[in-house]
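Below is one structure, written out as structure tokens, with a few remarks after it.
Lettered A, B, C and D in written order, each chain numbered from 1.
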Amino acid sequence: MLDIHGITCVFGGLTALDDVSFSARAGEITGVIGPNGAGKTTLFNIITGIYTRSAGRITLEGSDISGLPPERLTRLGLVRTFQNIELFGKMSVLENVMVGLHTRSRSGFIACAFKLPQHLREERRIREQAQELLEFVGIADLADMAAANLPFGKGRMLEIARALAVQPRIMLMDEPAAGLNSRETWQLGDLIRKIRETGVTVVLVEHDMELVMDICDTIVVLNLGRKLAEGTPRQIQENPEVIAAYLGDE
Amino acid sequence: MKTRFIRIATLLLALFSSVGAAIAAEPVKIEPIKIGALFSVTGPPSFLGEPERNTAQMVVDEINKTGGIKGRPLELVIYDTTGDPTKAVQLATKLIKDDKVVAIIGPSTTGETMAVKPVTEKEQIPLISCAAGSKITDPVNPWTFKTAQNDTLAVARIFEHLQKRKLDKVAILTASDGFGASGREQLKNQATKFGMTLTVDDTFGPKDTDMTAQLTKIRGSEAQAIICWGTNPGPAVVAKNARQLGIKLPLFMSHGVSSKKFIELAGEAAEGIILPSGQVIVADLLPAAAPQKKALMAYVQDYKKNFGVEGDHFGGHAWDAVMLLKKALEQGADTPAAIRDQLEKISGFAGIGGVFGFSAADHAGLTKDAFVLVEIRNKDWVLVD
Amino acid sequence: MDFSQQLSQYLLSGLATGAIYALIGLGFAIIYNSTGIINFAQGEFVMLGGMFGVYFYTIHQLPLVAALVLAVLCAAASGVMFERLAIRPLRRATPLGLVIITIGGSILVRGIAMLVWGKDTHALPTFSGDEPIALAGATLLPQHLWIFALTVLLIVVNKLFFQYTITGKALRACAVNQRAAGLVGIDVRRMVMFSFLLASGMGALAGIIVAPLTMTSYDVGIMLGLKGFCAAIIGGMSNGIGTVLGGLLLGVLEALGAGLISSGYKDAVTFVILLLILFLRPQGLFSSGESERV
Amino acid sequence: MRRELIKFALFAAVALAVPATIKGGYLLNVLVFVGINTMLAVALNLLLGFAGQISLGQAAFYGLGAYLSGILTTTYGWNPWTAMAVAAMAVGLLAFVIGFPILKLKGHYLAMATLGFGIIIYIVLNEYVDVTGGPSGFSGVPGLGIGNLHFDSDLKSYYLVWTMALLVMLLAVNLTQSRIGRALRAIHDSEVAARVLGVNARLLKVQVFTCSAVISCLAGSLYAHTVTFISPSTFGFHFSVELLTMVIIGGLGSIYGSCLGAALLTLLPEFLRTFQDYDIVVYGLLLIVMTMFLPGGLVQGFEMLWAGIRRLWPGRAGQDA
């Protein structure tokens, strides 16, 4: 589904990513792991058009998407979440999800300003869909709260609901478990599986090994900007190079 | 409790009734004649508005001290327009509708006057503007008069002088503000009439700090004289730059800088500059028989006494406006329409700006004699001609 | 009077004006580089320099040198006061908030100056006479030489200061990363204050040295400030030579614009250039680094 | 939704009833200008309060509207309404075109670029004497009328201007509560997150910039036809700052706040005539103090005050809790 071909990224003199390639298969959960500074987040930022790559190619279902701006990617069905959840704090929880439904509605300036009937119908539809999404992630009861007042764990759920709102085919999650307690992490794992069941491909960068090993179908290991290994959780756990990278030299 | 309340109530009642009695006992007050004034006391044209406000207030106070007009005191309502046409319009409306004035003097600038004109015309209130632009009274608007000398006259003075010196190639350098733009229009309009060729027609921003580029261009042209039109500080910079470039051509300025301030700013560079001016700055040099001498001396001295500095011709515009109104009122006019009619009949009135004579066809009322040409020598004015 | 002579006068006049813009631009750059703030009130410190100069020289009749020193000190003190009262209390400031605060500050300073000193225009005497000096077919005033000299001096002093003194290095550290600078023990607040002190002092110096040529009044700060800011933008907000080159370029373009194209539109020419630079090379003409402005 | 509509209806009723409570005169004239300034402040607020993009060049669009209307009707004898529509379209197009490069900039650079644009337009109005009349202004602009109804008195102008202003406010309120308003606020909070959700931030910012320019332009046309005289000095940098002050004082992101800000800044000088020279100082102080202590503007201040009163009122607070 998503294919990364030889991505290289150089900041000044520093090579953050060096010829990284891997594929995320449709309907699977792919995990990208690696010690700090391995280049995981950089990779995400390149895929989602926030940083520019120095070399390489990214394709989504065979078509080239390298270097496209984030809003274009979203329209092609690729969405991401952030490590430090980026909520629209002054808006309500429901409204946050409704922004996610922006691409699912099309009333223009005129229709909105004059409240034309099709806009009102659309607005009702968006509201209902947003409510459904909140139910899906389990925070429907907080719909009217200001997003800034949400506890962190709930904020994470909101961000996922918001990302789901664009009806993605593939979802990139940057350390979704960061800052969550063990119960919340466990719930998150369930949610991610549920998301896969709806047919969405998931790629996640994660530190929480337990979660990754539990839910991922395929795991890619990065170290110092290079791909170290790729395989099933079992294969990765047994890979000596990976163990060395995580534990340091024996 | 109850008795105390009654006591207090009685006391209050007594107090109120005594005050009421006092008010009632006062003799019936004579209704003052209300005139309005719009000056840009603050804002960029404050160099006009401030002396105008001072002067108008001073003159009105004096009139009232000597018993008012036909026993009725004048009441002057002054508003500050800050040089903003929008505010000028609003305040003109306020003067007419809320203060119910019978006439308005001001505003200080041509732009504001043009903005206010439709209002006063619609409400049929005479307006005596203190601004210089010729288009205020050309074409004549029945309700609009002005006291500031037309720049037409100032331009004519300079061109006549140039003709006498047989100079006919002139470079003009005008400020890009209302005053400069109006001057530029007049300079261009009258050039052919006086047989002048304009070799360079350039402008400078009123806040510009260096005009050597324009002057260099002039130096490279065939110009035999330079005319610069603007108000402080631009012309002072022009004078300094001309000196720096070693330009020896005769340099003329407008009446916009005919105050000691200009000499102070331009310093050495002011020497030899010739400009048309109202007679106020040279009041003491005038022969005793000059028609305006008496008015001029009185104004200059009064202003000095009240404000510690010498009166300039900007304040003079307000002096003329108030005095013209006074003349109309003395004829018994106290409604706007009657004042307008009386104003149009005034002739031979020697004021600060010149000898005024209005008619149905002329609401500016001055001839080019209103201007004298002066030269700056030894940091003071000397009459030319 | 041939054309080449005219041209050399345009260039020379332009350079002289440009040097003034450069001096003012440096003040913008210093504050921006150590705090990330564009101080829209910078032009007002230029005005304050000139007005304090006039105040001490004309009203108190002090000797010129003493008046100058006092004026710079007073203006610098005003700069520090502005930082203390308006910038520092603003915790968690957004760029928008800072833009509005400094605009408000500039209006306030201008208003106070108007109330205290009135609306008149004033002139200072030139430092060493006003006999024109001929140079390559063009003429200059001695005062222009003072301006050039001061510009060069300030570039050198700036360079030395930022390169070799502890305070200068600390300021540079703040420019790179305020939080990191704080962590290594630099008193960031003091550094911010210091940059305001430096910038307002320099602005005041510029204001004083140009006052004999351009005269000064309470409202000269707006236009001078804008031009200085243009200079700094053209120069890519650098602390040194970039901004100076930016100022000089701006001055020359203005003079050429006024002389050869149209004197009325010369300021429009300036601002069109500013917009083009912002659109096409937001990092400035004289630097090649990456930029975060877009 | 419904509550919002009731709020607006109440506000509109009050605005339209005002002339009945004051007996004509000068105050009515000032209130006409409050209406025009409300349009301008709402326009700026859409850009600044919702999309978070500063503009110091609003006066330019205002001026262009006034001058295009003035010139087309006076010099070329066009029908004022046609001229107004054409001016709005022309200014909208201009804003759309320059919006792309300008709104690529952020923060100070955006402020500077819009300021530069404003100054360029001001210089053109000032220097293009043959067409604009230059610094001494442009007079003789005809008034507006529909059939036999001529808007030639303050009262009629009041209803004309306030109908427009209320319409603009209603549309703005609608807009901010729609998907577009949400997207704009999202851009304001976190542009990256908004873009990741598929919001085309760049296009949307340009669109709202255009929208704001068109409203300002309409206000300019109304100004020209109401005052019948225009001069460049009305449309300078200082007016852009005045508009900014109105929006900030009223409250960023509050449409009613903009109206309050416009009313306050237009009426205040009338009641504080004694201030005269001090008003410039008061302006500066207001800008600083409001940004520092009440960044949400007066509307937020009132809300806080209201919340405080409710807390002090044990009965009601008890019910709420």
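Methods note: contacts are C-beta pairs under 8 Å (C-beta built on N, C-alpha and C of every residue); 3 or more make two chains touch, one makes a residue touch a chain.
Just so it is clear, the structure is predicted and the values come from calculations on it, not from any experiment.
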- Farthest from chain D in C-alpha centre terms, which chain would that be? A
- Item | Chain centre separation (chain B, chain C; CA means) in Å | 37
- Centre distance in Å when chain A and chain D are each reduced to the mean of their C-alpha atoms: 40
- Item | Chain centre separation in whole Å, for chain C relative to chain A (CA means) | 48
- Message: Taking the mean of the C-alpha atoms as each chain's centre, how many Å separate chain C from chain D?
- Response: 33
- Can you tell me which residues of chain A touch two or more of the remaining chains? none
- Note on the structure: Residues of chain D that touch at least two other chains are 126-127, 277, 280
- Message: If I count partner chains per residue in chain B, which residues reach a count of at least 2?
- Response: 42, 44, 176, 203
- Got a list of which chains touch which? A-D, B-C, B-D, C-D
- Message: Looking at the complex, which residues from chain D come into contact with chain A?
- Response: 171-172, 174-175, 178-183, 185-186, 189-190, 192-201, 207, 211
- What part of chain A is in contact with chain D in the complex they form? 48, 50, 69-71, 74-75, 79-80, 82, 86-91, 95, 98-103, 105, 107-109, 112-115, 119, 122-123, 126, 162-163, 165-166
- Report the residues of chain D in contact with chain B in the complex, numbered from low to high. 24-27, 29-30, 33, 126-127, 129, 134-137, 139, 152, 154, 223, 227-231, 233-234, 273, 276-277, 280
- Message: Could you list, by residue number, the parts of chain D that touch chain C in their complex?
- Response: 48, 52, 54, 101-102, 104-109, 111-113, 115-117, 119-120, 123-124, 126-127, 237, 241, 244, 248, 277-278, 280-281, 283-288, 291-292, 295
- Query: Touching chain B in the complex: which residues of chain C?
  - Reply: 1, 3, 5-6, 9-10, 13-14, 16-17, 20, 114, 119-123, 125, 130, 132, 139-141, 210, 213-215, 217, 219-220, 223-224, 254-256, 258-259, 263-264, 266-267
